[in-house]
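Several structures are given next for inspection.
One chain, chain A, appears in both complexes that follow, with chain B as partner in the first and chain C in the second.
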Partner chain A sequence: MLRIPFRVVFEQRGETARRLSLLVPLASVLAALFFGALFLLATGYSPIDTYINMFRDGFASFNGITDTLALSTVLICTGISAAFAFQMNLYNIGGEGQLYLGLIGGAWAGIALGDHLPTLLMVPVVLLCGAFAGAAWIFVPAFVRSRLGTSEIVSTLLLTYIGASLIKHVIYTPGSFFRNPNTSFPQGRLVADSASLDSFGSSRLYPTFFVALVIAGALYWVVKRTEFGYRINVIADSPKAAYYAGIHANRTTMWVMLISGALSGLAGAMLIVGPYGKIEPSIITLGYGYAGIVVAALARNNLGLIIVSGILFSGLKVGGNNLQVTTDTPIHIGVMLQGAILLFALGGEAFRRYHIHVVRVHDVSTKKVAA
Partner chain B sequence: MNENIWILMSGDAIAIATTLILAALGALFTERSGVLNLGIEGILLTSAISSFLAADASGSVWLGLIVGSLIGALLASIHAVLSVVFRANQIVAGLALVIFGTGLANFLGKPAEGKTVTTVIKPISFGPLSDIPVIGPIVFGQDIITYLAIALAIVASRYLFSTRPGLELRATGDDPATVDAQGLSVARIRIRYTMIGGSLVGLGGSWLMLAQSAGWHQAATTNGLGWIALALVVFAGWRPMRIIFGAVLFGFTLQLPFTLQAEQITFIPSAFLEMLPYLATLIALIALSRPGSRNLLGAPRALGTPFVRDER
Partner chain C sequence: MSNTSHEVAQGPHHNSGAASTALSAHSIDKKFPGVLANDSVDFDVRAGEVHTLLGENGAGKSTLAAVLCGLYQPDAGYLMRNGKRISLSSPRAGLQHGIAMVHQHFRLVERFTVSENVILGSRDLPFRLNRRELNEKVAAVAESYGLPIDPDATVGDLSVGQRQRVEIVKALYQGAEILLLDEPTAVLVPSEVEKLFENVHAMTAAGKSIVFISHKLGEVVEISDRVTVLRNGRVTGHVPGRGTADTKELARLMVGRDIELNAQRATHATGHEVLQIRNLSLSVNDVSVLTDISFNVHAGEMVGIAGVAGNGQRELADTIAGLISPTSGSVTISGSMTTDRGPVQAREVGLAYVPEDRLGMGLVPSMSILDNLLLTRDRQVVVDRISVRPEAARLIEQFEIKANGPDHLARKLSGGNAQKGLLARELSGGRGATKLLVVCSPTRGLDVGAIETVRRLLNDARSSGQAILLISEDLDEVLSLSDRVLVLYRGAVVHETAGETAQLSQVGAAMAGLSGGGR
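Here is the complex of A and B:
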């Protein structure tokens, strides 16, 4: 086998420079964009035009920035849903499915309760129902994770596929409660007027954006300042220490997962009171729940940074989605770039945590010391 | 009741099981070395479309299968570098690979949309053996990759449990510090098996495309088989022989909706049948867990944790 004459050595950094914390994510995004540019060039598209279009449609126009903030409403919620669980090493990657259930729960409340309550009361009820449905969808994975240790990664994911079938079922089955009875074409039944919010002016941005900001702030406070948050931190750092300190890891696991599920469900309900007004079956192709995982990872599960990464990532998505309209670049390049940015960010993370240098292998003394 | 349909179904279930066996074996090799690669679904998709493009351009199925396997190894190497060299969070890295792979596959698949697979893998003919009623079409009606997949699982079992490299592989997943003390490179072993695993997953994806699908249907081509394969590894307790059994079982549940539809048995809603394989996996997963059962099940003890010599 070929012997490589060099060896990469990782030295743990004592303290991470603040400069690096900012520089590394930025460099990761740039590296991913550079990689994307090479790919675009190779496949015959102009990277500069593509990126200019993406930036303009994502951030630098009225429609662009408002659409970006509108999308970030959902992604901030699914982002904190993922980060909240991830920080305790609970990998709820089924936020996507919990979001579907949030849509169903929200639409149920919006249709069943009718026009009896004022909007100011109705919208919170719809949002709560969505959150409850999301929490219900993660209940089984949370229960078996905390009692039996069943991998929540696989169980939450399997439930996402089941949730997608459920969405199709409630829309495509004739006579379904959630299906619009007046059209032959299968589509969702509209929720009551009192359950729909108005967007700001001519934009597609809804007041739920501020709800998302408040929730992100509130959870940040819970994690940093409350006893519950303290328990989460102790369990995350050392399950053994938590055990000896008498912290019930099982109960905390259960609660953290339920809250995580509720947040993804809330994201779904926000679509009901906002842009959709009904169950839109195309939701199962949009991947807002999965995007939340990317948002969380880019923010390194820091609940305070989620707002920033959520907005940036939404801009990338909005800009990428418009590519199909403004140029002939396939929409999928946007998805690919999202993945690439995340991959580069993960690689870049090593440069933040470690001091990396390359040494020659035949230099025995260096090798011994470094290893 | 039409017997033929049930016979056909058994054959189809075994056929679907082929993708599952290959993908799950790939995941098993990766996980036995201590690396958790959740990117299986992304690898399946990308290798599926790569094999289609290669087979379509060259007219050779075999070239398609080879290209698909190589692409699988290539994508897995990204995961290997990130998780072994850069010590990134393997769960997030795997998911990133799924997102990246899905985007890449759909991007590459753009020109393939609407095209049908013209070069397909044909079942092997065993002459009179294939004509035996019931058993013939099921046992002797498959193509070479299906037989290869079953043979691979058997060989993998022998390799894992009765050879020295197999022992080293298992040790790397259970106790990397000991392997390191033996003078073996944990990083090299992990990268190697992550890539071998990726190529097996890639072969599964290519086969799914070239032998099972009529054409490229974006993400619907794999439709979550990668995730089922990951659950299958847990179900099989990280043992190759049990993967064959589990894969056939899941193949049946995946095939059941189509058979029932053909039989016009409609009292079960189709949405429920669609959920069945996922539901079955979930129930199996829960049924197999007991408090602290991770080791009882046979999960590699160091699964998902990077090995750093001085942080032992």
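Here is the complex of A and C:
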């Protein structure tokens, strides 16, 4: 029998060194760039030029950075939606579906109430309706999870598919409330002007970006400083201690999931008051909700870091997607680089948490003990 | 200590000096993150002898045993079997060399029968099992060492002592020549311990080697041919066993200084009834867990609950603490009925509760000492940590908790300091002044220094007039501290006695379910 004389041993690190917390992510990005460079070379592109272009298109030009911040507005919201639930070991991976519902809820408010209210009131109402719709979409998973322990992973994910069908339904059904009645081509109906914000200057960045920042900061504060956050931390770390102290895990679980759903819904509504102004059926191909999971993972569910990871991830996406426009690099190369960087960044975790080393195996036991 | 097994002790032990070394370990090092669990440890066991590994919790006994049986690979050092150097990559490899371990926590499949568990993990099984033949073989192995067991019984139905027997039979069936028994007596009542010792003698008489692991001095002196003492991963002494060993000397090697463990029972007057339990019964899924329990605890009194683990102790404590609603009966704490009212209400009338599971239930591991102090107190909507900080600092000092201040994380405290922290919080009162303290296994797993401190704290609390319910599997602890002792067996109080006049044998018999009282 063939035996490999080496074995890789994963040894858990007692305490993660501070140094590694910085070093590992940096090294991961470098490794990913190196890995990507191999592919670029193999396909005949200059790695250096490609990276410079990507950086410029993502961060270092007016259009680049404003597009990046615009995209990050949505991803910060879906990111904190995911992280807020994840930190209590509640895996809401249906942020995508809750975002669709936020789009629908926001569009409804924008169309139905638009002519009755001034902008100053209308925009918050649209955002609240979107958040409410997102929370409603997670209500059943939250309820069965907190009462019966039914896996929220499956239920929230399945509801995403239903949410996608709902988007198609409200756009493609003739005569639908959400469909533009004036065109034969299926399109969303525009919300009232009072429900639309203006972007900054010539950019595609909307004031909702600051709303996202404030919400991320506020939620961080809630978790760190309030009684509600204290409960979350106790339950997340040891449900038995919560039980011991008379903290009701059911109720907190319910609230955390509802808030998580509301945040994804809010992301959808921000698209309504911002760039879309209507339900855009292509939303179901963009994966902003799923991207929130990645943003949360990059920030290790730390609500304070979501802003950073959300902006970095957005820049990567914007820069990668622009490659095809500004150079002749196919978009797939951009997507491949995005994937590689994420993979390395998350894979680097293993090095941060484990001491990994290779040991020689000199196995006597395989030689039968005849004696 | 009982002398009963001394007669059996004759026999092959006397020529054990001449017997060859069966297994030896040389300069074993084994590191875990942050600890050197074994530090150049030398150890050997001869055929037909009992060689004991003695040491406090955390001394590295289980680690060494795991190295000896192939579960862990040492970072340095090597093993020799019958004079030949071996290297074990897995427990299976250990078994091929005739080395088997009975773990502190059993590794049996509860749904399987005894026989099925015994052959579990064997490689060359026929496609179709001949059950009758198998059962006969298992029974034969068991009987030859005086370990009667029903091969067809489902393991889930067996008592802890019987399960241990299954583990031993399994090892013998697999052809073990060297058995490592990791704290086998920790889960047994005194009568079962005697029986185990007879089995051990039967095995050594048949030429098997036994590595016996324990931290209880009395039994070590009784069973061992030789003793090796471990402290902080290092060997601190090799001592001859039976008869010649001196417990004082062993204790000193084990702890590193002279100790006085028998805390004095304080003399004092007891006051009014603080805890009243009336006809308390509890059923979980139609299985009766507590049956018609009634007793009182007075101010300034410590009542001990003795019993083997799993006889309803945890449920009793949780019911008093308001975590579980009883099926019938009532709990009254300083005059207020707290039955069905939940833990917060119970605390408001003076309950304090130190659960058995201190890190994970009593304390939140990833939280700071400060935040853990807040766990059982009133918290505002915005948690006010600033005003609690000075109190946290004061308690750290007063209870001599080794920590870098209020922000020290609970999981980074050693077992003893975590327990002191938990006691500090519970005794300092939170929602109301503490009148009743319920403590479960307060010294389990602690080092001797911390045991001394914890027992002193309990005594101080009693002297200051608090009522204390001490629930512990450590019979010596219950007997030496309590004013009154109740024995819990299968959820019922089967025996009650005053602490001073308690007879070890009677209490032990009651714990094993042999006393007349009952259900």
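Simple rule for what comes next: the second predicted complex is superposed on the first by the 332 of 371 C-alpha atoms of A that agree within 3 Å, B and C clash if a C-alpha of one lies under 4 Å from a C-alpha of the other, contacts with A are read in each partner's own complex, and residues count from 1 in each chain.
By definition in this document, a residue touches a chain if its C-beta (ideal position, glycine included) is under 8 Å from a C-beta of that chain, and two chains touch if they have at least 3 such contacts.
These numbers were taken from a predicted model, which means no experiment stands behind them.
S.K.: For A:Y290, is the partner it touches chain B (first), chain C (second), both, or none of the two (neither)?
M.R.: In the superposition, A:Y290 touches chain B alone.
S.K.: Look at A:L166 in the shared chain and tell me whether it touches chain B only, chain C only, both, or neither; answer first, second, both or neither.
M.R.: Touch partner of A:L166: chain B, not chain C.
S.K.: Using the superposition on chain A described above, determine whether A:Y244 touches chain B (first), chain C (second), both, or neither.
M.R.: second
S.K.: What's your read, chain B or chain C touching more residues of chain A?
M.R.: Partner touching more chain A residues in the overlay: B.
S.K.: Contact-wise, after the overlay, does A:F10 reach chain B, chain C, both or neither (first, second, both, neither)?
M.R.: Touch status of A:F10: first partner only.
S.K.: Quick one: is A:R225 in contact with chain B, with chain C, with both, or with neither? Answer first, second, both or neither.
M.R.: The answer is second: A:R225 touches chain C but not chain B.
S.K.: After overlaying the two complexes on chain A, where does the chain B footprint on chain A coincide with the chain C footprint?
M.R.: Residues 12, 371, which sit in both footprints.
S.K.: Which part of chain C faces chain A closely enough to touch in the complex?
M.R.: 32-34, 70, 82, 86-90, 92-93, 96-97, 321-323, 342-344, 347, 353, 355, 357, 360-367, 371, 374-376, 379-383
S.K.: Quick check: in the complex, which residue numbers of chain A touch chain C?
M.R.: Answer in residue numbers: 11-15, 225-230, 233-234, 237-238, 240-241, 243-246, 355, 361-365, 368-369, 371.
S.K.: Within the complex, which stretch of chain B touches chain A?
M.R.: My answer: residues 38, 42, 78, 81-82, 85-89, 91-93, 95-104, 106-107, 110, 224, 227, 230-231, 234, 269, 271-272, 274-275, 278-279, 281-282, 285-286, 289-294, 308-309, 311.
S.K.: Can you tell me which positions in chain A touch chain B when the two form their complex?
M.R.: For this pair, the touching residues of chain A are 8, 10, 12, 43, 91, 93, 140, 144, 147-151, 153-155, 157-159, 161-162, 165-166, 168-169, 173, 287, 290, 293-294, 297, 330, 332-340, 342-343, 346-347, 349-350, 353-354, 371.
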